[in-house]
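Some structures are shown below for you to check.
In what comes next, chain A is part of two complexes: it sits with chain B in the first one and with chain C in the second one.
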Partner chain A sequence: MKFRAKIVDAACLNHFTRISNMMAKLAKTCTLRINPDKLNFILSDKVANGGVNMWCELEQENFFSEFQMEGVSAENNEIYVELTSENLSRALKTAQNARALKMKLTNKHFPCLTVSVELLSVSNSSRIVTHDIPIKVIPRKLWKDFQEPTVPDADVSIYLPVLKTMKSVVEKMKNISNHLIIEANLNGELNLKIETELVCVTTHFKDLGCPPLASESVSQDRNPEQMAEVCIDIKKLLQFLAGQQVNPTKALCNIVDKRIVHFDLLHEDVSLQYFIPALS
Partner chain B sequence: MVFRDPWEQVLTSLGSNVQGTMPLLTQQIEADYDQYSLVASLDNVRNFSTILKAIHFQDHATCFATRNGIKVTVEKAKCVQANAFIQAGIFQEFMVHEESVTFRINLTVLLDCLSIFGSSPMPGTLTALRMCYQGYGYPLMLFLEEGGVVTVCKINTQEPEETLDFDFCSTNVINKIILQSEGLREAFSELDMTSEVLQITMSPDKPYFRLSTFGNAGSSHLDYPKDSDLMEAFHCNQTQINRYKISLLKPSTKALVLSCKVSIRTDNRGFLSLQYMIRNEDGQISFVEYYCCPDEVPESES
Partner chain C sequence: MRCLVTGGNVKVLGKAVHSLSRIGDELYLELLHDGLSLRTVNSSRSAYACFLFAPLFFQQYQVAPPNQDPVRCKILMKSFLSVFRSLVTLERTVEKCCISLNGRSSRLVVQLHCKYGVRKIHNLSFQDCESLQAVFDPASCPHVLRAPARVLGEAVLPFPPALAEVTLGVGRGHRVILRSYQEEEADSDIRAMVTEMSIGKEDFQQLQAQEGVAITFCLKEFRGLLSFAESANLSLSMHFDTPGRPAIFTVEDTLLDGHFVLATLSEPDPQSQDLGSLQPCRPQPPLQAHSTPHLDDFTNDDIDSYMIAMETTVGSEGSRAPPLLSPGPQPSCSPGPNSEEDEAEPSTVPGTPPPKKFRSLFFGSILAPAHSPQGPSPVLAEDSEGEG
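After this line comes the complex of A and B, so read on.
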């Protein structure tokens, strides 16, 4: 099992830092999956913990100038490791204005993802800062828990409003209620609702636009006014929104009535999928 | 319930020409408003929410609306009362269909609703508010709008409770000082919180105006000279030394931080009135008032 990679381009380095910051906000620990073409950051919560799933995917060649890996075997040419996402984002904090960033798997008393940052100093001699991030290698038999989630056929698919507005609304709603109902229709309307004994609050977003649905039959039969709704844990939604520091290139919300809400985001060339199941 | 028109009292006591800054009611009122006993709308919700934050030290508040505006009252331990006065002129539209409208509401929830689009606004964006109340037993409805996004809040109202009447009458006022708030802000932020009480001395002679605390690390006294630049008015007739529980006065710091001037008055019973003048983003003025009763002094000490 081998992995070493290098980023030299400043824009790529910044982008990668942003992705790792987002991960740190979205998940305390995440699984990093490495294969010859892609890197994935994966969160797959147990149902007991809320059952949130996250799948973030980036093409290695868009980031790395050098990329070598050797999986556990020739036919399973992949590596799965678990790490504390904040450790990675903290290590990358030093990488601002760095000349290069190297990552590799090492074993220094314990398995590590070693991140070396090459910094330029005033005297023009370079300094290297190294972070050893402890990791847990995930054995082959557990890989099945970290496969790409299948995207369910949505009843309603709608573009998300400005995430900053949505975040401040959800933040205030969280002060009042633990659950939130997210509902949307094919007319481009999306509502966030909370209801408690004391107060009902509904925020209405409109004119959001809906992309054509994958399953044609559903979109043709469905009354455009009819809402599809999911009641979810407000904290999970807020965590997702708090993780979005930069506005994504594309942000889509797919709702399967009373079952799940699926957020599909594109940050330039990095895709992020976030699934929040309905509260039972 | 005794209700004296608070505006007249506050305005005269601060002696400023507030009336002149108030815009006139310009909005046309639609016919279907008849069903509401209170309708108020506002282009900038923060002109309302900021004032409410200044008295937010308890979860519940009593709202009292007349044609003149809204008074919101918060009380604690039957010893301290805070009133926020939001005059009708602050609102672009303000209608009260009955003589007066009273209800009790969860202030924490109300403030969360009012700031639903964020507490620190993006420059150039304003949140507009329309507030409607149909009367006893009905919820308070809020309609907030920012950039085409609308939030509707339905907050259940509660049985209004009798609020305390401190019977603080301007004719019984013995001593009165008006200070620029910055002068008191520093003092309040540095108060020795290990002291149980804040002792306020007001006197026509030295030390004129003194704040004292008696904490673990010893006593401290802060004197304001009569001719200080911070002192806008000084009317002290008789030396009064009164003690107030610091824990009761501390909440008034919220109002102090927002205010530009403060009027400090004590009456013949030693009751304290703190009136804060708060200027909003549009230059309009609202008032927040705190009443506090003096701490009982044990017989042996007095």
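After this line comes the complex of A and C, so read on.
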């Protein structure tokens, strides 16, 4: 099992740092999947912990100037490791004005993902920071837990409003209720609702637009006025929104009535999918 | 007694108090003939700090006549710090700061003369005390490193604020290495990230140490002195000896000097050993590259050096056991990705490091003035009779 990669371009490095910061906000620990073409950051929460799933995917060649890996075997040319996402984000934070960054799997004192950064300094001398991020290699029998989640057939697909606005709304709602109902219809309307014994608050978003339907699914003959709704843990939604520091190029919300809400985001060339199941 | 500080020096004084406050809860203030000395020691007596401000630092410096004992008093750090709490306000509004002793009411009086005629007067209660003097001698330390504070400030920046100790050493090619120190916990599954900073010798003004030397000390106190030195744009010298002997950090200027004496860990831990020598007990074939990871990172690009011999085949949880620490006779040096490694790892971990221990600094008896190598304060025998 080998992995070694290098970033030299400052823009790529910044982008990668942003992604790692987002991961640190979205998940405490995440699984990094490495294969010859792609990197994935994966979160697959136990149902008992809320059952949130995350799937972040980036093409390695958009980031790395060098990328070498050798998986467990030729047929299974992949590597799965678990790491604390905060560690990765902290390691990359020191790479702000780096000349180059290297990542590799090592086994120094323990299995780790070593991030070494060659810094630029005023005196033109070489300064190198090395971070050994402890990892847990995930055995092959558990790989099946970290496969790309299948996107369910949505009742309603709708573009999201500006995430910052949505975040500030949800932040306020969190003080009042633990659950939030997110509902939308094919008319481009999205509502965020909380209901308690004392108060009901609803925020309405209008004219959001719905993407053209990809398949001849059931929602074709759906009444455009009819809402599809999911009641979710407000903290999970807020965590997702707080993780989005930059507004994505595309943000889509898919709702399967009373079952799951699926957020599909695109940050330039990095896709992020986030699944929050309905509260039972 | 009366000391008057003006202009930018007020901030320097405040900054010094801030860095002292990272160490001790009590501040020892002494008005000596060669300047005002501020000292403190931490509760476990593993860290000592002193600043000496020369009479020229002050606009006005009046002390007791030579035939009398110098004024000494001990005050709560918290109350003295509160006077200088906000460095921004200090810089913006305070024009003069006057420290004096009110003998009648037994109060140390700190007056801040601010803009627009505002005057803030702090009356601080104090205790009489003996002179606080740690026994140390930078000249007796064989190893000396000196660098601009800015360089060292940048060097400690990557380390998390919560990190307690850091190992400082000199590695191959005389590169200075700072590494986060981790206590070995043999059975713990969760490990913290290890960060290492490697700086070329050209960034140092003085580097007098052989390759392989290393000490481990507290980062918090060091950061305190660093932030002072950075704000005053000074160079910082580090004098140290073998692990377990106190390390002495100094800053010097024509108007002031500062000494921080910090205890160092007495056990040479595996990590700091690693800086210089290979561990003989490694079951893994000790790759050259591993002993000084900082070097290979950008010079050696041979991917095979980083071959990782972890087991991920179905049904094994090889990554759990710390193979490097186990005396297992099976060095898995031929890591065929599919080779089944049996899990019969002996569970004993040899040489489990003894508990971490900082040796307390030895404080000289005030009856033995000959031991006080640090000239400025002749250590006097009697208790001071607090006569303002």
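Operating definition for what follows: the second predicted complex is superposed on the first by the 278 of 280 C-alpha atoms of A that agree within 3 Å, B and C clash if a C-alpha of one lies under 4 Å from a C-alpha of the other, contacts with A are read in each partner's own complex, and residues count from 1 in each chain.
Everything that follows uses one rule, which is that a contact is a pair of C-beta atoms (placed from the backbone, for glycine too) under 8 Å apart; a residue touches a chain by one contact, two chains touch by 3 or more.
Just so you know, these numbers come straight off a predicted model, no measurement behind them.
Student: After the chain A overlay, clash or fit between chain B and chain C?
Tutor: fit
Student: Report for A:Arg4: first if it touches chain B alone, second if chain C alone, otherwise both or neither.
Tutor: second
Student: Who does A:Phe205 touch here: chain B (first), chain C (second), both, or neither?
Tutor: It touches chain B, and chain C stays clear.
Student: Could you read off the angle at the CA centre of chain A, spanning the centres of chain B and chain C, to the nearest 10°?
Tutor: Between the chain B and chain C centres, as viewed from chain A, the angle is 70 degrees.
Student: Can A:Glu197 be said to touch chain B (first), chain C (second), both, or neither?
Tutor: first
Student: Which chain, chain B or chain C, is in touch with more residues of chain A?
Tutor: After superposition, C is the partner touching more of chain A.
Student: Please work out whether A:Ser280 is in contact with chain B alone, chain C alone, both, or neither, and reply first, second, both or neither.
Tutor: Once the two structures are laid over each other on A, A:Ser280 reaches no partner at all.
Student: Check the residue A:Thr150 against both partner chains and state whether it touches chain B (first), chain C (second), both, or neither.
Tutor: Neither: A:Thr150 stays clear of chain B and chain C.
Student: Please indicate which partner A:Asn49 is in contact with in the superposed arrangement: first for chain B, second for chain C, both, or neither.
Tutor: Touch partners of A:Asn49: none, neither chain B nor chain C.
Student: Between chain B (first) and chain C (second), which, if any, makes contact with A:Val169: first, second, both or neither?
Tutor: first
Student: Can you work out, in whole Å, how close the C-alpha atoms of chain B and chain C get once everything is superposed?
Tutor: In this superposition, no C-alpha atom of chain B lies closer than 10 Å to one of chain C.
Student: Identify the overlap between the chain B-contacting and the chain C-contacting residues of chain A.
Tutor: No residue of chain A touches both chain B and chain C.
Student: Note which residues of chain A are touching chain C in the complex, please.
Tutor: 1-2, 4, 68, 70-73, 79-80, 84, 87, 90-91, 94, 100, 102, 104-112, 114, 116, 118, 121, 123, 125-141
Student: Considering only the defined contacts, which chain A positions touch chain B in the complex?
Tutor: It is residues 161, 164-165, 168-169, 171-173, 175-176, 197-207 of chain A that touch chain B.
Student: Which residues of chain C touch chain A in the complex?
Tutor: Contacts found on chain C: 151, 154-155, 157-158, 160, 190-200, 202-203, 270-271, 284, 290, 293-294, 297-298, 303, 306-320, 322-324, 335, 337-338.
Student: Quick one: which bits of chain B touch chain A in the complex? Just the residue numbers, please.
Tutor: Residues of chain B touching chain A: 106, 108-109, 112-113, 115-118, 122, 146-156.
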